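Both complexes shown next keep subunit A, but they swap its partner, so subunit B is in the first and subunit C is in the second.
Coming up: the complex of A and B.
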């Protein structure tokens, strides 16, 4: 009898493993194999075209040494952290305010406003920069027309204020992530806590600082990690708005990798930059997992 | 009497022989099916191929001549970023059999062994003699032909006749030296303050040639990073952007749409490719200028101190992927695509120049602008096809856009930075400085 149960249990295990095979295969083919190739390429001098496309050599850490001595790489590194830092503050702040709004009982018409707040996330990533480009154009852009109407000085958005512009576009579309994480955390707080607060006549601020904030502490940490992780390998908006310019002022690491691989065709160096990004994201993911467990 | 058994055997044999005979007959008469692909730009380019009926004609010809039922798959990629996608597709092996390639990509792709050597094909092709030498040069690398040119497009100067007349500059206008360009732009600046006088560049290296120099010495295989001509080129940009302020630096740094500005009469002079005439400002195009023939004038780019004109041209070509399973068939498709009537029609529609004498026909041959452009070819140099040339031109662009424009770096300093950048990218053994300059200092 015991043997029969054990056999049944094993069979179930095998069956479950069997059902996992297709997903596992897809994961290996489309995630693991390309990643391993990219890691391998980062130690070679492979080029995307020319003789070095097929006749490449393993060069050890030469690509990484090249990166360490490349001023543009360090500039790109600094630019990436600047971009992530400001994006994080703005995305997080807007997300927090928006989540407080959509979880609040004070306002009416929240379903419609929530739907509107979700819109930036629903738009395809390639459409957003095009829409913004037309708004940011120095001569014909909507923003400068508004500034001119208000008798203010028009701005050179994609040149002199390139970094501000890309951060602005990123935050406009990216606050939704924080909004969703924080609002779901707020909604999971038992109502009894607030009822007790009301009995004791606690103010709204006290409720927020003494009940809401401590209970959503870890979701807040999680959302900052998620935002940072999302921004550190950002590509689309910056590529389409400024392409890293002017003078590398918006050259994020991902863009630097792209330019190395596809503009200068130094695929090996491009993969090395990719590996650096991967390590950064990996560390952030470990932190994310840790926080998720605490929650 | 034949026994029943024998009769059965005979019937079976006859049936089997009949089936075999029928199958063999079918094999002989049924066309063999083959699939090849054509890789090109989406939109205007792909639509043109479909409109010409070149693919259908090719299919018919293969059916009648070779008893082949050919399926042609049209693979398209967007115009924006086409070059990057093309190179990536080549490297990944996902490009088509026949490919629309810019001539400047030929060295890198040929060195990687990704392009089929078409020399044996063109040697047996009567039409090859009809192609202009400049066009042939654009597709020949290390003595081998890797593509067949379909269009060429020299760089010229366009100007707004109406703005010139308002400013009191006589038209038609043909600057004889760079000073003429500066003077006309300065008058526009003074008389029409709301108009941007000039957009001075399309191909950054053009002024080097216009100053009587070159960028590469084929005799020793070295790039020239310092010379009077290189310095003159930087001086040309410095004069226009900083010294005389004939063009705001934002026009380049903010990537203003110069075709729209020109269309709206907010830009008086622009250096651009001949294709703008039809492909940008022509009827039905996004930047259409309704009275184009009355308001748009054109001129050749002059040598620095006079004595002639100069232009540069690249080419778009059809090449064949080296790993194609059907090289002969791909060649047949390529020949169909580059027929004179297709070249002429494309040239007329987009104001690109045809690369072959026998394609100067029909509406193309009658068009006054294209006739004028054909004369420009007399002064036109082909863009250089050597390894690492892109690194040289990228460095030039980088120095102009990162130093000269935003920081007003002097021409002398720009040349030093430029030399450093090229040395870093291609190696010191592949560059040189012409007297009185030296690589160091």
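Coming up: the complex of A and C.
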């Protein structure tokens, strides 16, 4: 009897294990296999034309050597970090200011403005650059109209100020992440701390630097990592706004990989760039999981 | 004493600048969708018209210059809907099975498997795109909406399994055992007791996967080559790839804005409903 029950239990376990299989199978086929394949391809001379798509050879580290000597790769490397750096600063500071606004008791009309502040992230990714392209138009764009109104020099945004435009669009929807992380951290600070400050007559600045900041230290670190991780493989906005141009001034790493593979048909080199991005994101993900466990 | 009141004023000024920055593009999108003549300029129109929406649904023809460009906006909407719905169905079915199994099974290395799923699921899609393209050629997923949906769903699985497992963990084992005592078979228990209890979880997973399928851009970008099979995201994007850089007045702004508005509304609603879980996914803290 005891044996029978145990047997039944095992049978149920096996059945349950079968429940796992379809999901794991789909995930392995369309996510793990491409990832491993990408790693393998980055060591071959596979190309997107003719025979080379099917008959390719392992060439070792040749692709990576090619990357190291390619000026455009280094250009795109520095461009990516420039993009990440400025995006990080702007997204972080707007997010911090917005979260302070959401959590403070000082201002009026909070529910509506909170909803508006959250809107940018609710839009699908392709609508955002579309709406911004019109804003940034040189002759008719709203931004240049405002600049003319303020009696400043209108700019050729998408061309001469490509990097600034791309960062501006990225930050437009990107600050919401920092805002939500930081504001939820501030909300979880016990109110008593501030009451004690009131008793001692601490100023607002003192309250912010001595109570709020130390308590939201890890959420701040986490949002920095998250922002950096999001920006490092950014694709959609830049692809639609400038397509890496003019003269590779906004060629982010992911765009460089895409162009190498689909414009120049060098799939192997493209995969090598992909591997570089993957390693960067992997390290950041580990850091993120570590930090979010500390919190 | 100067510091305290002026802080409020500075706060309002900064807030006003941030709000202007956020609202202007959306205001342009909204106004142009209803304006008879659209352009990249922000201008209050003299009259309000629904003609742009009629053009989107193919009920009216474009009047001005860009008419030569063929637009299949009504088809794009249908394609986006197909992709989103298939993504939702595939994800919900697979995720509820896997989530239930992971919630009930106890085996060695389970937490390792869960963490590995999470880390692997966070790998960037851009790096995977190229082999995915080659893989999809052999599966016949090029120009195949169902294929696009399956690929999108496969990327969603890890995080959604985490969420679903969290919901199943809340359903007590005793509940199932009681159902068995009352003579329900295992399968009956699953469908009549467990799944209804996990209803909220299934709803969340469905919302999130619909949102992902509806808004995805990179997967259709590499898999779809025919213009009539474009989803909205790709449709909007390619109108600009045809006219890169400074677009000027060449693009049919009015209909595109109307289309964008149609595109935006479902994802906006779903975003505000399921925001909490979207944040949990972003943060990698998925214990619900």
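Here is the rule we go by: the second predicted complex is superposed on the first by the 270 of 295 C-alpha atoms of A that agree within 3 Å, B and C clash if a C-alpha of one lies under 4 Å from a C-alpha of the other, contacts with A are read in each partner's own complex, and residues count from 1 in each chain.
The rule is simple: contacts are C-beta pairs under 8 Å (C-beta built on N, C-alpha and C of every residue); 3 or more make two chains touch, one makes a residue touch a chain.
Since the model is a prediction, treat every value here as computed from it, not as a measurement.
Once the complexes are laid over each other on subunit A, subunit B and subunit C cannot both fit and instead clash.
Using the contact criterion defined above for the overlaid structures, shared-chain residue A:263 touches subunit B, although it does not reach subunit C.
When subunit B and subunit C are set side by side, the one touching more residues of subunit A is C. Touch criterion met: A:138 reaches subunit B and subunit C at once. Contact with subunit C, but none with subunit B, is seen for A:130 once the two complexes are overlaid on the shared chain. Of the two partner chains placed by superposition, subunit B and subunit C are both touched by A:158. In the superposition on chain A, A:247 contacts subunit B only, with no contact to subunit C. Of the two partner chains placed around the shared chain by superposition, subunit C is the only one that A:27 touches, whereas subunit B remains out of contact.
Of the two partner chains placed by superposition, A:208 touches none, neither subunit B nor subunit C. Once the complexes are superposed on chain A, the part of subunit C occupying the same space as subunit B corresponds, among 206-214, 224-232, 260-268 or 278-286, to 224-232. In the superposition on chain A, subunit A positions 53, 138-139, 156, 158-159, 245, 262, 267 are in contact with subunit B in one complex as well as with subunit C in the other. Here subunit C touches subunit A in the complex through residues 3-4, 7-8, 11-12, 14-15, 18-19, 21-26, 28-29, 32, 39-42, 90, 94-95, 97-98, 100-102, 104-105, 115, 117-132, 134-135, 150-151, 153-155, 157-158, 161, 186, 214-215, 217-218, 222, 232-234, 236-237, 240-241, 244-249, 253, 256, 260, 263-264, 267-268, 271-272, 275, 279, 282-285, going by the rule given at the top.
Interface residues of subunit A facing subunit C in the complex, by the touch rule stated above, are 12-13, 15-17, 19-20, 22-24, 26-27, 29-35, 37-38, 41, 53, 94, 97-98, 101, 104, 106-107, 113, 115-135, 137-142, 145, 156, 158-159, 172, 177, 180-181, 184, 203-205, 222, 226, 232-233, 235-236, 239-240, 242-243, 245, 254, 257-258, 261-262, 267, 270-271, 274-275, 277-278, 281-282, 285-286, 288-289, 292.
Interface residues of subunit B facing subunit A in the complex, by the touch rule stated above, are 84, 87-88, 90-91, 105, 107-109, 111-114, 250, 253-256, 387, 391, 394, 401-402, 406.
Put simply, subunit A touches subunit B in their complex at residues 48-54, 138-139, 156, 158-159, 245-248, 262-265, 267.
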